[in-house]
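Each of the next two complexes has subunit A plus one other chain: subunit B in the first, subunit C in the second.
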Partner chain A sequence: MDALSAVLQGLPMTIVLTLSAFAIGLVGAVPLAVGLSSSNLIIRLASRLFVDLVRGVPIIVWLFLLKFGIQIGTFKFNPVAAAIVGLGVVSIAYLAEIYRGGLQAVPRGQGEAAHALGLTRGTTFYGVMVPQAFRIVSPSIATYLTGLLKDSSIASTIIVAEMVFQSQSFARQHPTVEGILPYILVGILYIALSLPVAYLSRRLDSRMRKAVYA
Partner chain B sequence: MIWLTEWAAYLPQMMSGLGVSLLIAGVSIVAGYPLGLVLSVMVSARNLALRTLALAVVEIGRGAPALVILYLFYYGLPKFGIAFESITAACLALIWNSAAYSSEIMRAGIQSVGRGQLEASSALGLAQRHTFWRVVMPQGMRSAIPGLMGVAIQMFQGTSLAYAIAVPELMKSAYNIGSQDFNYLQIFTLAGLCYAVISMPATWITVFFEKRMARHA
Partner chain C sequence: MYHFTYHVTWPTSNDGLLVPTRKIAMTLSEIADGKLAPRTGIKLDNISKRYGDHTVLDDVSLHVEPGTVTALIGPSGAGKSTFLRCINLLERPDSGTIQVAGHTIEPGKVVNNKDLAALRSTVGMVFQSFNLFPHMSAMKNISFPQQKVLGRTKEEADARSMELLERVGLKDKANQHPGRCSGGQQQRIAIARALALDPSIMLFDEPTSALDPEVGLEVLAVMRELAADGMTMIVVTHEMQFARDVSDMLVVMADCKIIEQGDPGAIMSDPQEARTRRFLRAVLER
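== the complex of A and B ==
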C-alpha cells in the first residue's frame, strides 16, 4: 500500500487548502452579498461585475495569475499562499451569490414585520434576515464545500504538494501497472471525504426545512 | 495602453488555443449529454446491475475532481498499454464529467414531471414508450435546460485543466507565450479575459432562462 501512503501524505495539505479558502469565503462573502442586494445601483452593479468576473474565469487562471503574475517589489506569492488566496477569492464570489439568494428567499413579510415592530435596520438585518437566510442556504454552502474540496486539486498545477500532486509524483516513480493505483485511490479519497459533508448537508436540509416551514 | 498593443500581438496565438478549448468543450457536451441522458434513465432501471453501473459512473464522474479523471486517462491507463493523445484523453475525461453532471440534472428534470401527467397518459392508453418520449421527456428536458446550460459553461471552464496534460488549449498557449517574455501578469490577464468574454454572457443568458422558466412554473 505504498501508493495509499504516498497519496495520504498530501491529505493534510488538501484539507488546509480547502478549509482556509472556505473560511476566507464564508467571511468575505458577507459584505459582497450585502453589496449584491444593495439599493444603490452603482454598488450593486460593481458587486455583480466582481462576482461574475471572478466566476467567469477558470480557477487555474487565477492561480497562475497569482503565482506567476504578481510581483510587488521583492514580494512573490509562494505556491501555497497563491492557492489559498486564489481559492479564497473564488469562494467569496460563489458564496456571495449563495448568500444573496438566501437573503432574497426570506419572505418579505419578515422585514416588514420587523420594521413595524420598530426594530432598527441593523437589528432587522442581523437579527431577523440573516438567521433565516442562513437556514435556507446552509445546504447550498455544504454543496459548495464539496466542490471546493475537489477544486483544491487544481493547486497541484502550481506545485502545491496536496493529494493529486503526491499521486503524480508516485505515478512518475512507478512506470509499471502499479502506477495507476494512486489516481484510483485519490479519486476514491475525494469521494470519501465529501461523503460526510454531503450527509451533513442532507441532515441540515431536512432539519432546516422543518425549522423554517413548521 | 502598452498592454493593449502587446495584447493585440499575442491575440492570434491565443485564438488558436481558444479554438482548441472550444473544440474540447463542444465534444464533451455533444457526446456527454446523450450519455448523460442514458445514465439518467439507467439510474432508475429495474435491473440491479445496470443501476449499480450507472450510479458508479455518475458518482465517480461527479465526486472525483476532473483533474484526477484527466490524469487517470492520460497518465494512468498507458501503464496498461492503453495510450491516448493528450487531446483525446482530455475529451474522454470531460465527456465523463459532463455525462455525470448532466445526468443528475436530467434525472431531476424527469422527476419534476408531475404524477398527474403519467396517470393521464395511462388513462389515455398511451404505450409506455410513448408516455416516456412524448409526455415525460419534452417536459422534463425543458425544465433541465438552465441546468444543462450551466454545465456547458462549467465544461468550457474545465477545458483549462487540459493544460495540465499539455493540450495546446488557451491556458497552454498563454503559458507558452508567457514563458518567452516572462510577462505572466499581462498574458494570464488576457487569458482570463478570453474565458470571461465567453463565460459571462453565457451565464447571463442562463440566468435569463432560469427566470423565464420560474415564471411559467
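== the complex of A and C ==
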C-alpha cells in the first residue's frame, strides 16, 4: 500500500512534534501557573496577559509568525523548530491554566495545615499542593495531549513533513480516487494514537484514586 | 504502663491572674526519654486585626501559663479562630505583641522563614476540618513533617509516628489513607501529626465541631490525656463539659474582644457579663 507507507513516513515527525511540545508545556507551565495565582498584582497580570495572548491567536497564525516573521541577525527558524516552539508555547499557556485550576481546587486547609506544621513554602507547594493538584488535573492534561496530537497537523502548513503533510503530497501525486486514501488512513492513525493516551490516563486516574482511598 | 503523679503549683502571674493547681501525670517512659518539650507559656498583648474596614480583633490580651489548658468560647464571628491563628502567625495581627516559645513578634518585625518554621513546629495546631494530606498514608502524614521540619531520618520519623499512632489508639491505621478513616480517626491522626514535632503548645480550633457527638468523645479523650500530660493547650470549643472539666481557665470572646475570663466553674455558674450569660444560656440549655 503506497498510501499507507506515505502516511507512515510522517508518523515519527508527528510523534516528535507532539511529545516535544507537550514536554515544553508540562515544564514551562509550572512557573506560569504560579504566576497566575501570585499575590503580586504585576506578576499575576503579566502571566494573565501572556496566557490570553497566546490562547487568543490561532495556532496556525503563531506558526506562520514564527516561521516567516522572525529573523534575528541571520537566524531564522527552520520549519520543525518553529512548529515545536509554537506548539510548545501554546501548550504552556493552556497547561498553565489547567494547573492553576487544579491548584485552586486543592482545599485551602491543606496549605494552612502545611504552614502550621512549619513546612516551607517550597515543600508545601511541591510536597502537598502539586501532588493533589496533579490528581485533579490529570484527566484534563490527557485531554489536552490528544488535542495537541491533532493540532500538530497544523505544522503541515509550514512544510513540516508530518502525517498530514505526507498525505497531502501523496494526494497531489495521485489525482485520482486513490488520493483520498491517505486521509482515511491518517484519520485512523490519529484515533489509534489517541486511544492509548486515553487508556493510560484512565488507568493512572483510577490508580491514584485507589492510592488515596486505599 | 506505669504512671506516677506529682503536683505542681504555678505561681500567681504578675498581672494577678490566678493559676489553679493541677495534677500532672506523665508516663515514666516519657520522662526518661525526655520527650516532653520544655513547657512554655504564651503572652499576647493588645492584639488587633482588621480586614479593610471590618474589625476582627480589637485590642485583645491573653496570658497563658505553661502547662495549663485554656478554653476559648463565644459566639461565631467573635474572633476566636482568628485570635488562635495569630499565635502561630497563620494570621499576622495589625498591632500588638506575641510572645510564644521564646519568640517575640511585633508588628512590622520581619520574621524570617527559619524562625517562622521554628515557631510553628513549637506550636502544634489541630483544625476543625482535620486537614490531613489525602495523598499520604496516616504514617506518612505524621512522618513527612518530622523529616522536613526536624530533619529526622525516615526510620526515626516512622518510629515516632508509630508511637504516636499507638498513643491515639490507631496503630492499625498506619498504612491507611485518610479517606479510609472516619472523622474521629482522622482528627486523632491530625493530633498525632501535630505532636510528632514535639510542640510545647497545642492549639485546637473547634476540633470536634465537624464530628458527630459520639465520635467527638474519642477525640476529647485524647485531648484530656494530653492535658493530663501537662501540655499547654488553647482550645476553641463549644464543648462545655470539656471546658468545665479539663480547662484551667475559661475565656469568653464576643464582638472581637475578650469579655470575661477566669475559673471555668465560676464563670459558668455565675457569669458577670450579660453577654456571657446570654451565650452560656444558649449553649447550656440546648
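Just so we're on the same page, the second predicted complex is superposed on the first by the 208 of 214 C-alpha atoms of A that agree within 3 Å, B and C clash if a C-alpha of one lies under 4 Å from a C-alpha of the other, contacts with A are read in each partner's own complex, and residues count from 1 in each chain.
Simple rule for what comes next: a residue touches a chain if its C-beta (ideal position, glycine included) is under 8 Å from a C-beta of that chain, and two chains touch if they have at least 3 such contacts.
Since this is a predicted model, take the numbers as computed values, not measurements.
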Could you tell me if A:Glu112 is touching subunit B, subunit C, both of them or neither one (first, second, both, neither)?
-> second
Now for A:Ile191: first (subunit B), second (subunit C), both, or neither, which partner does it touch?
-> first
Classify the contacts of A:Arg135 with the two partner chains as first (subunit B alone), second (subunit C alone), both, or neither.
-> second
Go through the superposed model and pick first if A:Ala23 touches only subunit B, second if only subunit C, both, or neither.
-> neither
Looking at the overlay, what does A:Gly179 touch: subunit B (first), subunit C (second), both, or neither?
-> first
More residues of subunit A in touch with subunit C or with subunit B?
-> B
Taking the superposition as given, does A:Gly127 touch the first partner, subunit B, the second, subunit C, both, or neither?
-> second
Subunit C to subunit A touching residues, read off their complex = 88, 90, 113, 116-121, 123-125, 127, 129, 131-135, 144-145, 148-149, 176-177, 179-180, 190, 193-194, 197
List of subunit A residues in touch with subunit C within their complex | 107, 109-110, 112-121, 123, 127-128, 131-132, 135, 211-214
Name, in rising order, each residue of subunit A that touches subunit B in their complex.
-> 52-53, 55-58, 60-62, 64-65, 68-71, 150-151, 153-154, 156-157, 164, 167-168, 171, 175-180, 183-184, 186-188, 190-191, 194
Sites on subunit B touched by subunit A in the complex | 59-60, 63-69, 71-72, 75-77, 79-80, 157-158, 160-161, 163-164, 171, 175, 178, 184-186, 188-189, 191-192, 195-196, 199-200, 203-204
